[in-house]
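Chains here go by letter, A, B, C and D, matching the order in which they are written, and residues are numbered from 1 within each.
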């Protein structure tokens, strides 16, 4: 009997390649979400107008914010779903262990975030095109990004999506550990929102959001996202190390 | 008597009470008696037998080993099992002493239960024996 | 070399013990049948060997390592059951290719030929297969992977009679060509006994016996005759099963540790001595009471 | 209040969760061929790609690349304009320093002694008028229209707005409103992730800011001309 020796990295690569194919369904839900986001965005996010003497103006604002936000929620949900039984055990039909399963999931989520981020950018253009065709305005203002700006924007978009995925992954693992969390976590979250906003001066959530959102240096932003998502993944991995397969 | 080849698997009846390795060894004995395998010829390996009869190779090996223990087969190192020169005699002797004897014992027992007298039984055996001898020829 | 080694292995679910103080060893390149009734703990034991579940106490070693969450064990073993989860995004053909990437001994030619023999559609998805077809497909993966430790948990569930026969034949032929350690669990011993070398019989998570299958066939003998005579003759023997037949007849299965002399005495006092098939021995050993289901109606 | 403001967010989250779970999970159960799924995603991706190409090429919108003026800049403009106007009202016209630019100028020969400024206009147009007395009598009224930047939501519309019509008839200088300018535009942004690192408004400080642009008319009149009407005398610095 000759036993095969394999390394973690070698199998991680194989599992990752397998997951790219086997979790392909996430992208069909991504398409559905993006179409929904376009629908929501068609209303525009705002209007402003005014006049002074002989000069008057009306501005309709359209942003890709909704697309971005919905895709972030999608990433969150997707990450939860791949921790559920139906998906978690796919890799156990082949060679793996817990750590490899996590590593390949993280790699998968990262790749999915990259693709989703790029698709957010393109979907933004699809949305723009649809709006142009539907709208009758004498002028369309496109604050066109430079190539560098575009790349920075896509990077930021991807990282936001990835952050949501890592939170979702952590939440998913908690729920797999104990079903109670699926009830407890939303209650805690909404409860915290209420408590925070009780005196009409929320501080905790805005400061968490501005921790990322107000960071104008891309490098520091990347660092913050990586640190935060690494934290969630490390917690998820350490919590799930004793979990059994198909018990 | 045996239909070798084709559907060999049918030969072995796993429902029969005899352990399969005994059946394997008996099948080999019959092959030797019928001179399908001759003296100093190689017999089937345990793997060939396992495949033929759809049984575990270890079971087949046990069947071979019985014959080896009885000196029907001998081992050539690295080459496998071969039929001994005196194989036929050993088998015939054994069958007479064990198989035939136990069959006769059963026969006698049944005859006693059915109140068949010794003479009547012997007569039955005699006539059937002659009839079958003729048939086989 | 020992492939699987369990010492006082116990697995507890809450208070219930699925596996209780189980000790056994499986040596290299044997086909072992894990036999037991439904709920005996077969699947739990196999999943512990495959490294899916962890044990509560005792010790379990596969390839001399603790199998739980162990990459070496995972890479050198394969666990086939009908709960195997495959992504619906991959076609059956792609699943075979993926398996080939993971298992170094994978025989794509064998896989493909079995695949064609059982007339699978390469473009189909695993979820769309019927139960029997799923089992057949999983079995192809289990065979073609040629893992040093191959575990089949109730592999034939849902298969039709013909496919079962084909499967056991294929398993045996591939085993002869490429010997490896195979564990086969089943509640139907008669179906698998011919291809087994060893049998591990468990009941309520405990080991009843672990021995070569041929020895099991001589493990016990059946005695039948007049009830009084039978009970007298068997009074100092270990009975496994009793059944009354007719008005005053009875059939008793005892452990076969009597001498030839004993048996001749039995014959002489008019008792009938018969051998007991391995299947029946297992049924009797694992039944709830010594009278079997008749107990309920008495 | 908090509840009401959270409600739509919660509804959206639930909706997305529902769709995401349904669209993804149903793949596990429903009979669907893997190939179809790949088609759907592939076609959508190509569609967005085509859309991106079209939105860059076929629809050449008014592109304001790198012309977007930040909020800070805008308020700087606003302050600078007010400062100059205030100073001028107090009699001192400071250096314009590019805050105001001369849009149009006129020269009117004038030999009268009194000049009346009429900037009453039916269109409710009003512009400050500042008058500088020239050191000598050269018989020419020099008029100029100065305009500060009009910035609406970061976009400079100064060019769009025209100058008023000015003419001198007998002793009356009339200021007539320029043509009405109505700007109606649609503004796109890729989303907050794109705005965050491109110096545009970040996601939390987004407000619709604008400077409507101050304007004034500067008259230089001969020394002896007396001006009356609505105006301020200023001295240029």
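Criterion: a residue touches a chain if its C-beta (ideal position, glycine included) is under 8 Å from a C-beta of that chain, and two chains touch if they have at least 3 such contacts.
Predicted model, so just to flag it, every value in this text is computed and none were measured.
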### Summary
Reported most central chain by Cα centroids is A
### Query
Which two chains meet at the most C-beta pairs?
A-D
### Task
Just give me the whole-number Å value for how far the CA centre of chain A lies from that of chain C.
47
## Note on the structure
Per the C-alpha means, the centres of chain B and chain D lie apart by a whole-Å value of 109
### Query
What is the distance in Å between the mean C-alpha positions of chain A and chain D?
36
### Task
Find the geometric centre of each of chain A and chain B from their Cα atoms only, then give the gap between the two centres in Å, rounded to an integer.
75
### Query
Do you know which chain D residues sit against two or more other chains?
27-28, 34, 37
#### Entry: Residues within chain A bordering two or more other chains
24-25, 86
#### Entry: Interface hub residues of chain C, defined as touching at least two other chains
88-90, 94
### Summary
Contacts from chain D onto chain A in the complex sit at residues 1-3, 6, 10, 12-13, 15-17, 19-25, 27-28, 34, 37-38, 40-41, 44-45, 47-49, 51-52, 54-56, 59, 61-66, 68, 123-126, 150, 152-155, 157, 160-161, 177-198, 200, 202-204, 208, 210, 212-213
### Parts of chain C lying in touch with chain A, wherever the complex brings them together
1, 3, 28-29, 47, 51-54, 63, 69-72, 74-76, 83-90, 94, 98-99, 101-105, 141, 148, 180-181
### Summary
Touching chain D in the complex, chain A uses residues 24-36, 40, 46, 48, 50, 52-65, 67-70, 73-74, 77-78, 81, 86-87, 119-126, 128-129, 131-132, 135, 137-146, 149-150, 152-154, 156-157, 160, 190, 193-194, 197-198, 200, 206, 209-210, 213-216, 218, 221
### chain B residues touching chain C - in the complex, by the definition given at the top
14-15, 17-21, 47, 50-51, 53-59, 62
### Summary
As the complex stands, chain C meets chain B at residues 30-31, 168-169, 172-173, 176, 190, 193-197, 212-214, 217-218, 274-275, 277
